[in-house]
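Chain nomenclature is as follows: A, B, C and D, assigned in order of appearance, with residue numbering initiated at 1 for each chain independently.
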Amino acid sequence: MADSLSLLGIVGSLRKASYNRSLLRAAGEVLPEGVGLTIFESLGNIPLYDGDVEDAGFPEAVVALKDAIARADGLLIATPEYNYGVPGVLKNAIDWASRPPGKTPLLKKPVGIMGATPGGGGTIRAQLQIRQSFVFLQMPALLQPEMMVSRAHERFDESGKLTDDRTREQLKKYLAALCDFVRKTRAAAS
Amino acid sequence: MADSLSLLGIVGSLRKASYNRSLLRAAGEVLPEGVGLTIFESLGNIPLYDGDVEDAGFPEAVVALKDAIARADGLLIATPEYNYGVPGVLKNAIDWASRPPGKTPLLKKPVGIMGATPGGGGTIRAQLQIRQSFVFLQMPALLQPEMMVSRAHERFDESGKLTDDRTREQLKKYLAALCDFVRKTRAAAS
Amino acid sequence: MADSLSLLGIVGSLRKASYNRSLLRAAGEVLPEGVGLTIFESLGNIPLYDGDVEDAGFPEAVVALKDAIARADGLLIATPEYNYGVPGVLKNAIDWASRPPGKTPLLKKPVGIMGATPGGGGTIRAQLQIRQSFVFLQMPALLQPEMMVSRAHERFDESGKLTDDRTREQLKKYLAALCDFVRKTRAAAS
Amino acid sequence: MADSLSLLGIVGSLRKASYNRSLLRAAGEVLPEGVGLTIFESLGNIPLYDGDVEDAGFPEAVVALKDAIARADGLLIATPEYNYGVPGVLKNAIDWASRPPGKTPLLKKPVGIMGATPGGGGTIRAQLQIRQSFVFLQMPALLQPEMMVSRAHERFDESGKLTDDRTREQLKKYLAALCDFVRKTRAAAS
C-alpha cells in the first residue's frame, strides 16, 4: 500500500467562481487512493509583499500560508494567465512564502502546475513563467503531462462542476502522475 | 524646442529604502530638458486583483493609478527581481491597470524598464518577463539601451543617493533614449 | 498613394510541404496594395554558425541572406515550434545574420512573427522566444495582432493552399497591420 | 562505493577556442570519483534539421549524437548565449536528437546546463530558454546550483585553461551536485 500523501492546492485567482478553483475542486474528486488535497482558501488575506513589513514580522496570513506549505508533501497550483503572465496575486503569495531565503518551506517542495482559461492557449505563458521561479526555489516541477484547460466555459457548468468527461479523465491521469512524481521526489531526497 | 513630456515612474518594490525607488529618483535628476517625471507613490494601497471586486467597481487606489497612467506620455518602471520573475506587487498593479480590456490606459502606452539589485544579473529575468505582458497590452517598450544595475549597494549611499558616476551617465543616456522613443511613438500614433 | 513596401519572408522550417511556407505564400496573396513579399528560399544552404568561419569570411549563402534583409523594409517570419522553442534552423540563420554586431542588417529592422502548427498552442512559445532576440537586435516587432495558426492540417489542403476563409481574413488583417507598422517605424526612424 | 557514471558533454559553440569547450574540459578535471565525461566533438557535422531528410533516414552524424546520448547517464551542456537566446547550433542538435517523438534518447535524460560568456549576465537567458525544451522532452534539469561564468576572458588563459581558482571550486561543486542529481534521478526512475 502506498504511503498517504497530502497536497496543498493554491488558486491563482481570487474570483469566487474562478475556473481554476473549480479545476482544483474537480482534482479533489479524482485523487489516487491515500492522497488528500487541501485548498488554501485565504490567498486574498495576504498583503502585498513589503520587505519593511517582513523585517517587523510575518503577517498572520503569510504564516498560515507558510505553515500549510510546510505541512504538505507537494503543491498543486491552478492559475489563470493575466496579461501573458503569472497573476500578481499568485506571484505575491509565492514572493511572501519564499522568505526568508534558505529557510522557506517552498525550498525543494515538489509542485504541479495547472491552468484553466476561457480563451485558447491554456495558460501556457503563465505556466512557463512560474517554472522560472521554481528553478530559483529549487522546486522540482512535474514536466509531463501538462494540464492546460482552454475554453473553460464549455467544460464547467454554472455551479463550477467539471462536466467534460475528457477533461476529467485527463485530470485523473495528471493527478496520478503528480502523486507518483511527489513520492519519487521525496524518496530521492531522503 | 521639443514638446514637453511627462513620464510616470512606477517602483516594483514597496520597501522604503528600495534601490529601485532610489534609481527612479536619480532618473529625475538627469531628465532631458522639458521632461517631467512623477513617481507613483501609492502602489502599496492597491488591493490584490479580484475580478469580483472589479465587477463591483474599481477601488480608489486603482482609479488613481489608472488616472496617473492616462495622464502620462510614457511609463518608466524600476523593479527588483523576485524569485527569478516580476514581483507580485508590480504585476498586481499592472493586472488592475490593464482592466477593462480594450479600455485600459496602458493600451499602447510607451514604456521603459529599469532594474536594480544587490546581486548580479541586474534583473534580466524580471525585465524579460514583464516585456511579455507589454506584448499583450500593445505597449511599445524601449529595446535598447537596457538599464540593469547590479551590485546596487555599491552604487547608492545609505540615504539612497546614486553615487556612482558611471551609472549616472548611463542613466542619463537611458532617459534621453527613452524620451526620444516616447516622442517618436506618440508621433507615429497620431 | 502609399509608398511601395518590400517584405522579406523567412520560413523557420526546411520541409518542402511546411505549413509555414504555405502560410507565407498565402500571405503573398492578401498583401495590401503596393506591398511586395519575397520569400527567402535558401535557408537550407546556410551552414551552422561558426565564429572561426566568420573570421575567415561570410559564406555565400549568409551574404545572400544578409543582402536580402538589407534590401527589405521589413521581415515576416513564419515558423513552427520545435521542442517548445525556436527551431534551430531559424535561430541559426538569425545568429549568422546578426553578425557583425552593430553592422548587421537586422539592426532596427521591423518584423512580424507568424506561426503554424498541426497541434494546439499555435507556436506561442517559439514566438515569445524569438522576441527576446529582437530585443537584443533592436528590432521593433509587431505587438498585436498576433498570427498563430493551430490545427494547420485542417486549414491547408494537400497542395499547401490555405482553404480556411477565417484564417485568410485574419491573415489579411495581420498583413495590413504589419505594413502599417513597418511604415510608421520607418517614418519614425527617418 | 558509488556506481560509475558517464556524462556526455555538449558544447553550444563550434568555435575551436570556445570558452564553453574550455569550461567542459575543466569540468573533466574536477569530476567526482567514478564519473567519466565524454565531450561530443562532432556537433559541426550535424546538418540543419529537415523533416524531409528525416523521413529518408537519419544522417550519420545525427545517429552518432543519438547513440552518444543513449549511452550516457546524463548530459552536461555548456553553451554561449547568442542574441539573448539559445545558439541555433545547439538547438538544431537538440531538434534532431529529439526525433522521433516518444523514442528519442533525450526522453527523461537528466541534464545540467552551464554557460560562459565574455560579457555579463552569464548566459542567463539562453539557459532559461533551453530549460523550456527540457520541459517538453521530460528531461529533469538540475535546478541549483547554476553555473554561469561571466567575463570568461579573465578566467581562462590563451590555451583555454581555467586559471580562476574560485570558478574551478564552483565548477567542482557543480559537478558533484549534478552527479548526485543524475544518480537520484536514475534511482527514482528504476
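Just so we're on the same page, a residue touches a chain if its C-beta (ideal position, glycine included) is under 8 Å from a C-beta of that chain, and two chains touch if they have at least 3 such contacts.
Being a predicted model, the structure only gives us computed values, none of them experimental.
S.K.: Copies chain A, chain B: same or different interface, half of numbers shared as the threshold?
M.R.: Same, since over half the interface numbering is common to both chains.
S.K.: Going by the average position of its CA atoms, which chain sits the greatest distance from chain B?
M.R.: Between chain B and the rest, the longest centre separation is with D.
S.K.: Between chain A and chain D, how many degrees of rotation does a Cα superposition need? Round to steps of 5.
M.R.: Value: 180 degrees, nearest 5.
S.K.: Please tell me the distance, in whole Å, between the geometric centres of chain B and chain C computed from their C-alpha atoms.
M.R.: 31
S.K.: Averaging over Cα atoms per chain, report the distance between chain A and chain B in Å.
M.R.: Distance between chain centres, rounded to whole Å: 29 Å.
S.K.: Could you work out how far the Cα centre of chain A sits from that of chain C, in whole Å?
M.R.: Spacing between the chain centres: roughly 37 Å.
S.K.: Quick check on chain A: which residues sit in contact with 2+ other chains?
M.R.: Answer for chain A, listing residues that touch two or more other chains: 125, 128, 132, 135-136.
S.K.: Hey, which residues of chain C end up touching chain B in the complex?
M.R.: Answer in residue numbers: 128, 131-132, 134-136, 138-140, 143-144, 146, 184-185, 187-189.
S.K.: What part of chain A is in contact with chain B in the complex they form?
M.R.: Residue list for chain A touching chain B: 13-16, 18, 43-44, 46, 48-53, 82-95, 98, 125, 129-130, 132-133, 135-137.
S.K.: Which stretch or stretches of chain A touch chain C in the complex?
M.R.: Against chain C, chain A makes touches at 120-122, 124-125, 128, 150.
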